[in-house]
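All chains are identified by letter, namely A, B, C and D, in their written order; residue positions are counted from 1 within each chain.
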């Protein structure tokens, strides 16, 4: 049994993670942390956990967590994450970080998009990006894994194989994404207040969403040259799910069949990427670790459509997949 | 043209009120207030009002408001309302109060249910309850009208005529109500956070919701003796609408036809109460000032089912109906 | 490994069942049936099953199904169920029936509420009602289990222990239930058409819902005398979940603590009934086999509030719990 | 008073139209038709109309309708529309047609996209496209107006002025649209079945939605050369609203300010197009005839974001705006 801890256990991704971990046959949950006073039972914050997880929320030091657990899942805000996780690593635990802190390769980009100096810049460029379908080998030997952004996963999975195969151009890639509201976190705020966002669709952070440089960096590794991405996140009135509609320029003459074949070959052995012929809906993937992908040629564009559950394949499920990689368990353990 | 002002114009009931007033042929909106700094345009808070209402939010004294307007709609929290509205009245304006402050007849009940001394207790017992279908004559001559609670209206309209006619008993009246989330107001809070309340139904404030004494007081006027109400409010994952399912004990042998006839006769001339044969859904009344009512006999109980839009007939529409009463306009002016 | 088959595998309860069975370590799914032509893959009907279940939908005879499988889950419409399942039983398989056909004890009640003669009346009164928390011993030795109705489970679980303990009266029990739309099945119809039922609450089948006699029959076994139930089903704009608010008369002087203690003792060893102090919401139980229950005293009434997922504890989860009982597996196998 | 009739009055656009017409001071509704037997009251189909519209649904001949009414709104399916409306016109009434039948200029395009010969091809190319903001003068003198498609309006309004001003290129225009489910009509079908489409986002008719040629035809008039549009419709879990996110290529160097200025000047005198600085949400326009538009420059693309209510500005509101044009009423009559 691997002893695991969850740092910052009061949010939605942590809850989802705990539900998956409770089903995982090789895991013992030994600590859940939060800065709340008085060590309340975690089920007082997440009533769905009553009788399923009897732990109290503790306000532990990073060192304590790193000693108590073999592997630590960090569900902390960015910046806080890079301040605390190095101390967890130093205490000897492996870490899967849900925050954005270790996703980017260089400190300047981090500063530009996140607005402050990186607290642990020396690890940038050396930390593996936790998308097992693309970087499995590096993950296996790692101590620290940067769990990908939810939008980023939905964009990278369909784009990477096509860029690698030279079937699409790497400029003017348009990614139009729609996300459920759980992506906004558990802190009450006007944009996620039910009477505001229910029965409405709207775009936000147009041209400045922080997953943009993350997508460009990762697909750039497959493209040869630096790609340009236009990414538009939009809020849809549903709990979970991301639908990304991606418009790429074909490189030369390309058929729909060639695109689908390329995707199928790329993900042939992958348990969690399903290349399908039909147009998938987010509901097909809700509560699962699957990312469904399809493609169409429409006039001058290759359309890629992907969907996934932002809390599972976009967060907690991906983290457990990374955890399984780190510990040499079959990658789908606990998730089928 | 009647000059009107809206105190506390940033919430949902105020927005709904403004939308109705914009259609009202006899109204000029002269002020919208809020304690926000800098006099922002109201459309910066309510973007649906862009190009429809060009006023700025002002932080005006009650006296200024009372002088500028002929009639003032108070959309303030309870307690604040009874502190500010007397000064508006003193400045010469008529007032329709959305808060609960002037609904109850006595200060002790107010203290018991609202938890503080009433700031203007001398007006209790003398202020008219603004349900025109039942108290039209008193409203006509009033300066101050207490606009009813949304749940209360949904319960009182079906119950009052049957109690008056002696068709049902006044004890053990069970009112099971389901409300859309806009009833919780515009201030972000966990219970109204989309990922919490979407796709969920739950009860809240069981046995201690403040509309309980309001319902008992008003239906008591029709019952002869003091009634006992068991009222359960529940949150439904929708923007608006209240469905109340009421279980009353028949007094002697009563038929479904007798119940429906009593309701039909009571509301024969009323524009905004529709006694129907089918089972109404809240959607039939959304965005309207209608309250739909029907009845069934099920074994030992009279079932009354009512529905209305909590922001219209349950708040802003009722307020305009009261306003029309106060100013001798046809009651439906601006609302059909 | 137990070989199982699902009859009528295209609906929502069957889909939910298959998802649970795929996680069950002791189960092999050997057949999924439907009357559709051409043996399409089940994933063409349920795209969420792509790559998870590779079976084709087959139009098999009951005899074939009964031979191929050790245990058969019947997801057929009532009446059809009692025509087909006897032939499955005769072929040697055990059966868990999702339909209402074997829930009632006598043919006359069945005729009254379902409108036709029972096709297999001799089994009525001898078939066990599949609520393991109440009838575990009988289920263990059975060949055929009648899986309970979703509303019925939400009402019976809180009521049965209190009636047995004599803490509440058995007349005038009012059950006000709200259900998600999946309860209406997968066949498109106006009442479940998105623009009709979204953003609306409405009652249906008032006074004549078929779970009424089922509830009365089962709680009657605990009450001593025949109980009277007033049951109002209502449609809420959400996929899943039932919230039942139950108003019972206390028998003599009863405290909230006594009610909660009685419930806690009754379900002390039960994995899937959680007696809680807070007011539970349906979301706490969604995608789980839990039924959450609490109680309050409000004036002259005992309020019982229960919630569950109509597709899991209200259908597929209960069926797997029964299946586990039948095969002496730990009852929660596949469901935590 | 203008006498109006509604052909095919049982759908959602007809219901929305009737609600607007009931507020219109210059309109008398003289007939509502449907092929249903027995002349049921329209309120039996649309319960929200109880006590508001007392007409019965009649199965009238086109000639009867054309004689009884001065102006007829056709809410019929395409093809049926072009078979019936010529007879209404011949009887002397003016017509606003909600169907697609008279939107396209040539019969070959109609055949290609709608799959059958046009029943009244001689009117193609001569019928005015009913977008008053762009074709007001032609509408004024017309007998027959083709009411635009809902998606088409959301795309054409932002694109037309920019193409006319030469600020964007006319090729590779990507239109990513998200619509509420009422756009799918009132006929129950699986894609609009609540448990299927609720809590899900999905694309449909990718590359072959019939509004594509309509958009290309109309914006082509402003572009000089024939434009190429890639249009992706997507279903969002909400009743109403369309959000279109449009990605156009700037022509030369273009600033955000220049784009917004161009849009503001184009719609300076228009009551129903609001060019805003913020990112609008569909909820800002629900239940109104407004189309909200904004623009951003993101890297190599001009982003245009528009939203409207598909049943109002996308259908019934536009129709009344056209009606007002036809009869020289102020264009916003009945709609503010």
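Points worth noting:
Here is the rule we go by: a contact is a pair of C-beta atoms (placed from the backbone, for glycine too) under 8 Å apart; a residue touches a chain by one contact, two chains touch by 3 or more.
Just so it is clear, the structure is predicted and the values come from calculations on it, not from any experiment.
Following the contact convention of this document, B, D is the list of chains adjacent to both chain A and chain C. More C-beta pairs in contact connect the chains of A-B than those of the other pair, out of A-B and B-D. Among the remaining chains, B is positioned farthest from chain A, on the basis of C-alpha centroids.
Chain A and chain B, compared by their mean Cα positions, are separated by 46 Å. Between the CA-based centres of chain B and chain C the separation comes to 39 Å, rounded to the whole angstrom. Averaged Cα coordinates give chain B a centre that lies 36 Å from the centre of chain D. The residues of chain D that reach two or more other chains are 180, 196-199, 237-239, 280-281, 283, 286, listed in rising order.
Within the complex formed with chain D, the residues of chain B that make contact are 22-23, 47-48, 50-52, 199, 271, 274, 276, 278, 280-281, 283-288, 290, 292, 336.
Per the touch definition, chain D reaches chain C in the complex via residues 12, 180-182, 184, 186, 188-190, 192-199, 237-239.
Chain D contributes residues 171-172, 174, 176, 178, 180, 196-204, 206-207, 228-230, 232, 234, 236-241, 243, 245, 247, 279-283, 286, 296-301, 303, 305, 307 to its touches with chain A in the complex.
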